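Per-chain numbering from 1; labels A, B, C and D assigned in written order.
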């Protein structure tokens, strides 16, 4: 499907936000779902690139993406008015619990992408978000979270903004004071593992959004699997694109990912 | 080698002229030689594309090219200020006879590219150029030839400008009236063959610039050969990139090219 | 002139057009349902199944290469029983022929698989994936004698059209193709992926969890095309050609080389619209070149 | 840490670095002189020569494919006598080892070629191109027995390091590589091009004058890498790896897979600066990863 690009701006060094004209199916997307984008009309790169849905409003879908390699580079060069070959929504997103007492979002780096969309859906008496990034410039959408009624705490690796340190440490500290009813986490796998471990230890339900290389994006090729645990202790491979990208943190075999 | 692109304009529908900052070796280029250009930094297309030198002045090399496929398409999208990966001059150009009584250039379509550069080198009492194209818009550089002291005659397939008809017919008619001491021809192979045949019949020396797919462009891979005739009637393969692109029309095995 | 006839009778399988999807790239026929109209397809070849479910290879399982995709899925599948129970019922009424691809490690496994499938409802054909690891060092597709024996054992048991899928990593593909024809195969499927590898120079480890994998996609098209051409000149049974078909012209090249049907695999991943584009492209080509039916271009190659 | 040591002793050939140019892509060593500084090269492998000059295949001889180049040059060459007479004198004093590649149709032809060359001045090694058409249907590189016989006949006559170049189109590349080692080859060169084909759907003719050709370039890199890895695990003699090396990281992948030297071919066509880029890239990699010499990365692959 080809959709018109409405905007494409660098919102922080190396991070772009793209607005794309909305289409029918995307309007019923759940937070945590992704779109699959063909970045080039040539064979370089050959495969589509998955990007989480960052926001959806009445006329556009927004994506927030970091330039990593050839695909995202090509994406960043696209101009408003051009058509984008895009498929979606795909995947299994976050399970939004009807109205828990409190929710917590932990977002590291470009992990902020899907959680802003998620934030719109969360209803709870107390809503907290912890955002971490390498440096202050990369802390995005603090204001948006506040508008949605979230308490926001920020860490940066270099201390240039918010607290200095890792968002995972902030999370641990936080848990000493409060116990959210549910935790949603996005970001690098090392962060996810730490959040998952902490939640596991405290018995807090936790959902994580996991990234992996994808080919088909629809569950057909079995290329994107990760190892997950069954109740009986055995492990099976599940597809990030179809069974995920959001998984219950307790079933993920973290050792296999690090 | 990377050289700066100084200009890149569509001078007729589908035909572009590009100016590139001059470099040392190109300054001693002969007419009929070519440059070899990498149109993409990816592997699509994988090979360089050969383009004849169209003009050289004190600070730039000009190329005149038609958008045919992926390579020339990418070239046409380049902007002034970008760097172009370009190699040359390469190949064996036209032999410019010191000062024959009269010279004749026959150019068909984009064949006009190398002959304007050639025209600068030709010294003769009588200088004639016949230019043919599909339609009037594609007749380029008539004025330039005139300034260089050439008599110019034009044909177009659709009769929209100059005489209606093929430049090869014009050439035949012309020969009924005059006999140039030497003929230089550029253009589609069907044109070259007719000009070569006519010259052969009349015993007029004729040089033609021939196109072929190239890989190395320097004579190493033997990928670009055409069949040519030896004096003893046998045939051998010669490299368009190194032994050509300009050949004495009498040695080309025209049957093998049509 | 009217619309050209695109229908193909492929080894008894009646297809509305010559385009299939390649095994392993279209799952069990349902995964692409929101993106691909399976009614536009000539036939669907399902992901290879084995007797018992298999976990497949450890990730990473895929990596992009120049114009290619290297994969090491490793026959991850739900097993033949689950296929029959859970997947076939939903596929039966599509109106598009279903071809079940099977893999096994021993002759006995293949025999059992055939017994399971030959009476199952809603299957139009069986594809034997001979690129599964064999007892010895080689895969079946690299061992004409072993492949011949396998065919002898299953041919009589199988009432469905039997398509044998071959590996390109052999000295002479026509040898095993000839053996398969002789031993009663109804058709040949060419080609499976080429063995390949990628290394991460930073970690100094193979990129794929399985160390090596199979290369597919446009990179291999010239190789696949040559194999199809080679095989079509020596066997009389029909061939389904695949390997890097990315657009209509690729499909037409394979048909001119002699393939009666073609399949797309990797192309689906970058462009699910490929099915309609190719079918339309073939139709346009037939019209433009004055052919009344698609069968007229099969093997219709000049001067070779 | 000082500059890492890039020198390689490849089967007795002393190279300033592990990078060669592949036979047939660098002509007779002089064509690239204005674009490539041959003093930066580890060694030069010349275009394969035969006993008598050969005209090669009718054009078209080349066609681009996705990330690849299909060629059918067909051993067009000036013959061994002209090589010795006209080309070697100019190459002798470059300070870069010259490896002469030879091809023949019979054992006798190879023997004669070796006799011509083994005493010629200025040659550092001989590469046997076994991908030339053989008497039978197969090329020598597809027939371990015939290749073994050939080596028996020439080994004693050849005082120079003997590198055997193999074709990837075989069921099991390690088989013939093993035979070559056993019969006295000093090194193995992997790989020659893959047989392939392209069809022009408008003319309905093969694009290449020779109908089929050989595929090279980045498209085949994953396949070449796997073959090098396979062979390096079974032979002890050194291997020169090639096939789609387009940048330093590709060269390093081949070395990690076990190649002691690497060669570039097709990459030269799109980028003559590739030589310096790769040599520099290898050096940078060694420095960044704390290796004192290039030999330390040869076969230095984890977890496989």
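Rule of thumb we're sticking to: a contact is a pair of C-beta atoms (placed from the backbone, for glycine too) under 8 Å apart; a residue touches a chain by one contact, two chains touch by 3 or more.
Note that the structure is a prediction, hence the values are computed from the model and not measured.
Where touching is counted per the definition, the chains common to subunit B and subunit C are A, D. The chain with its Cα centroid farthest from the Cα centroid of subunit B is A.
Computed centre separation for the pair subunit A/subunit C is 36 angstrom, with centres defined by C-alpha atoms. Here the CA centre of subunit A is 48 Å from the CA centre of subunit D.
Computed from the mean C-alpha positions, the centre of subunit A lies at a distance of 56 Å from the centre of subunit B. Each of the following residues of subunit B touches two or more other chains: 43-44.
Chain contacts: subunit C has residues 66-68, 217-218, 246 touching two or more partner chains. For subunit B in complex with subunit A, the touching residues are 42-44, 70. Of all the residues in subunit C, the ones that touch subunit D in their complex are 65-68, 70, 137-138, 142, 169-172, 194-199, 201, 203-206, 211-212, 215, 217-223, 225-226, 229, 244, 246, 249, 252-253, 256-257, 285, 300-304. Only residues 25, 38, 43-48, 85, 87, 212-227, 236-237, 242, 256 of subunit B touch subunit D when the two sit together in their complex. Per the touch definition, subunit C reaches subunit A in the complex via residues 24-27, 31-32, 34-35, 47, 55-56, 58-64, 66-69, 71, 73, 76, 217-218, 246, 266, 268-272.
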